[in-house]
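A, B and C label the chains in the order they appear, each numbered from 1.
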Amino acid sequence: MTLQDTGLAAYNFAYLDEQTKRMIRRAILKAIAIPGYQVPFASREMPMPYGWGTGGVQVTASIIGPEDVLKVIDQGSDDTTNAVSIRKFFEKTAGVETTTRTGEATVIQTRHRIPEAPLKEGQVLVYQVPIPEPLRFLEPRETETRKMHALEEYGLMHVKLYEDIARNGHIATTYAYPVKVEGRYVMDPSPTPKFDNPKMDNCAALQLFGAGREKRIYAIPPYTSVVSLDFEDHPFEVNRFEQPCALCGAEGVYLDEMILDDKGGRMFCCSDTDFCEERRGEAESVSASNGEIV
Amino acid sequence: MLATGTAVDGGFSNQVLDAQIGFAALMNALSRPGTLQSPGIHVVPPSPLSAMTAIVALTLCDADTVVWLDETVNTSAVRDWLAFHTGTAITAEKELAQFAILDAVRSVADLQGFAAGSQEYPDRSTSIILQVAGFSSAQKFQLSGPGIKEVVSFAPEGLPEGFPDFWAANRALFPRGVDLIFTSKDQLAALPRTTRIDEKLGGHDVRSR
Amino acid sequence: MYVAVKGGEKAIDNAHRLLADRRRGDPEISELSLDQISGQLSLAVDRVMSEGSLYDRELAALAIKQARGDLIEAIFLVRAYRTTLPRFGYSEPIDTGDMKLERRISATYKDLPGGQMLGPTFDYTHRLLDPALAGETVPDAPERRFEEAPEKPMRVSDILAGEGLIEPDGDPSGRDPADITRTPLEFPLERETRLQALSRGDEGFLLALGYSTQRGYARNHPFVGEIRIGEVEVEFEAPELGGASVLGRVQITECQMVNQFKGSAKAPPQFTRSYGLVFGQSERKAMSMALCDRALRAGELGEDRVAAAQDEEFVISHSDNVQATGFVEHLKLPHYVDFQAELELVRKMRAEHAHRAENMQEAAE
């Protein structure tokens, strides 16, 4: 072996070798057939660290083709450093077209958010997942949690949520809020805020979840029932923001809190930067056609 | 019938891109049950393996997989071709197969006996690739379940008597069960274990859950 | 007006340029060569090969240079390269009984066939900083024994086995070996799978766990039966070449520990084995691995599991430093979306708390 072999030229389309892709593809098909079940797969070391999206990157690399248009977001934004890094990785290794527009993308890789604009048929949303096991913080052992899923024994999860209610008056889980998929598997939606949970239900797009370090892939096919766990007397509810986005005026969207100065000045604006920019673009063109100056 | 020459001919012309197209068709087929997919790839496998079956095998099989072949498909030409192009192992045990390729299904018994996975590992099940003449049967199924917005009509040809009951029994095993991939000459479709089938009777939908 | 932060791409490029600059250090000082790293920081190279699971001194030296001497980063670089290599098959099991020894010691016998051979060890050096090493040095030529003494001393474990005092060794024949790089772990693990994971596990983590067993958290009364360091041949069976052919030689460290065992319902009183094997020269790692191996055999030997070192899921799930460092360091990534959700909740709960306190105050008045 010579060191020259280590150059990028020696790597395959979308980085992964074909055997690895086949292994991941087989896992993805099983995941689609068993919605919410975590399929073990022989995750590879990727050229970015574990915990930084290696699961999502492996899934994306296995599904993407030259015709695809890729969008990568982190915390809702296309411009955060890790989103930039992953987008560049695919530009370099797969030569695919990339976009920031949700509507134009065929594959969207995300960390911690679901876009505000409704997803369409034919799109695939790929989630980066740190801890795929929703029961992990209640039971650290894989041997035990596997049994619990097998027996559909989810009492522990309900007990935990109910303890929250007893102590705080409401469920204190605000992100990675557990869901039940198609009435069978309890699933971790990845650390998206629970605000995004309702978007997963009956979604037109295919949702794939990749956990690289934990070596699991799972999926929600399009038009599949995804229900956030709750209780009759304490129904699931999403957080509401009191004010609209300070930039585009959108309501009913997830907002980031920006600290403006050291005197307590702050503003709230869209976490989904593309959604916000498109709305502002529309507003500008409307005002422009009205001959107004913005 | 196409002359196929030797075992080394007729595979993917572009290993990487053809496999991606083949996979995209399979992913769409399983996430949208009953919809017909037409991956436009040219492969020439030995008869009686259909081109579409060959695309599925080339896309998914390699030295890490175990494939079962039914009597019709289990010819030395097919075995050699699969061995050369995929490196897959062939088994005579239905239970051990990750993939099964079936051509002529006379009765539902032919579809039985494959691995359904375990309650702990329901993914350790057989994916059955079933060659059919086409998707224009007079007997139409109404499909519902994950991946289907309302209902989808699905009409694979030449299914054995009692197929809906076989499928209902398979579905009752959930999360265990087999998944079915149907291949015609130039199209493929799939039924994941989650899909419900209702037979369309006299223009009325009979749906049962 | 606030504009969402842009320019991440430019910032990343600049950061990487700065990294390259800092890596190089003062350009007035000559640059490290890979030969220098491989030859003079050879134990660092050994560790990177071992935990990187790739025996290639040149690549390991490159990784160390590229990582500015951060060995976990270097291990990561090697792993990320290794995973892209095609797998042609599995070598034949190496025969450590046939090792070309450079060091071989036993703590269980004063003298034994083949004798004790100290080799290049830090043991018995006085840890006094040596100012002479700050300059260039020409060490005295060492006396080499293995050149003229190529005999193959018998293993200590074989001496015990001859008397039937130690449990039989595992049987390596038959099936293909497990491969943790190709198959996701499924707990509980076979011992061979566990040993693979331990061999690429983090030296510091295994050291601490091994140490914990000595301090009473799953004490297992270990004796160093034998430690061997030296080179072994790696053979590959290629039917088309008409049998096994030698691919080359690798340096390894093997540690066989012998543990007192009172016996249990499952096994008679006898000595039990525990095992450590790593690339290159690293006794610390091989010994720590053996201590952990023994602790993890608790279930198999019918012992109570009472301590962390005996807990297979705990030990193996957390022994990989590439996984561990990635996940710990990912906390640096932005988490403001999740944090926002928590902020809202804490504000709401504080408001409720204040409201309750007010009500109580009113009720009291």
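As a convention for this text, contacts are C-beta pairs under 8 Å (C-beta built on N, C-alpha and C of every residue); 3 or more make two chains touch, one makes a residue touch a chain.
The structure displayed is predicted, hence computed values, not measured ones.
Undergrad: Drawing the touching chains as a network, do you get a line, a ring, a star, a complete graph or other?
TA: line
Undergrad: Count the touching C-beta pairs: is A-B or A-C ahead?
TA: Pair with more contacting C-beta pairs, A-B versus A-C: A-C.
Undergrad: So what's the Cα centroid distance for chain B and chain C, whole Å?
TA: The computed centroid separation for chain B versus chain C comes out at 44 Å.
Undergrad: If you average the CA atoms of chain A and of chain C, how far apart do the two points sit, in angstrom?
TA: 34
Undergrad: Hunt down the residues of chain C that sit against at least two other chains at once, touch-wise.
TA: If we look for residues of chain C contacting two or more partner chains, we find 182.
Undergrad: Which positions in chain B are in touch with at least two other chains?
TA: Expected reply: 64.
Undergrad: By the touch rule stated above, which residues of chain A touch at least two different other chains?
TA: In chain A, 19, 40 touch at least two other chains.
Undergrad: In their complex, what parts of chain A are in touch with chain C?
TA: That would be residues 1, 3, 6, 10-11, 15, 17, 19-20, 40-47, 49-52, 54, 74-77, 79-85, 88, 111-113, 130, 140-143, 168-169, 172, 174-176, 191-195, 213, 215, 239, 246-247, 254-258, 260, 267, 269, 271, 273, 276 of chain A.
Undergrad: Taking the touch rule as given, give the residues of chain A at its contact with chain B in the complex, in rising order.
TA: 12-13, 18-19, 21-23, 25-35, 37, 39-40, 62-66, 146-147, 149-151, 182, 184-185, 204, 206, 219-225
Undergrad: Which residues, counting only chain B, touch chain A once they are in their complex?
TA: By the definition above, chain B touches chain A via 15-17, 19-21, 23-24, 26-27, 30-32, 59-65, 98, 118-123, 125, 127, 146-149, 174-175, 179, 192-194.
Undergrad: Which bits of chain C are touching chain A when the two form their complex?
TA: Listed in rising order, the residues of chain C that touch chain A are 1-2, 4-9, 11-12, 56, 58-59, 62, 76, 79-84, 86, 181-188, 313-314, 317, 322-323, 325-330, 333-338, 340-345, 349, 352.
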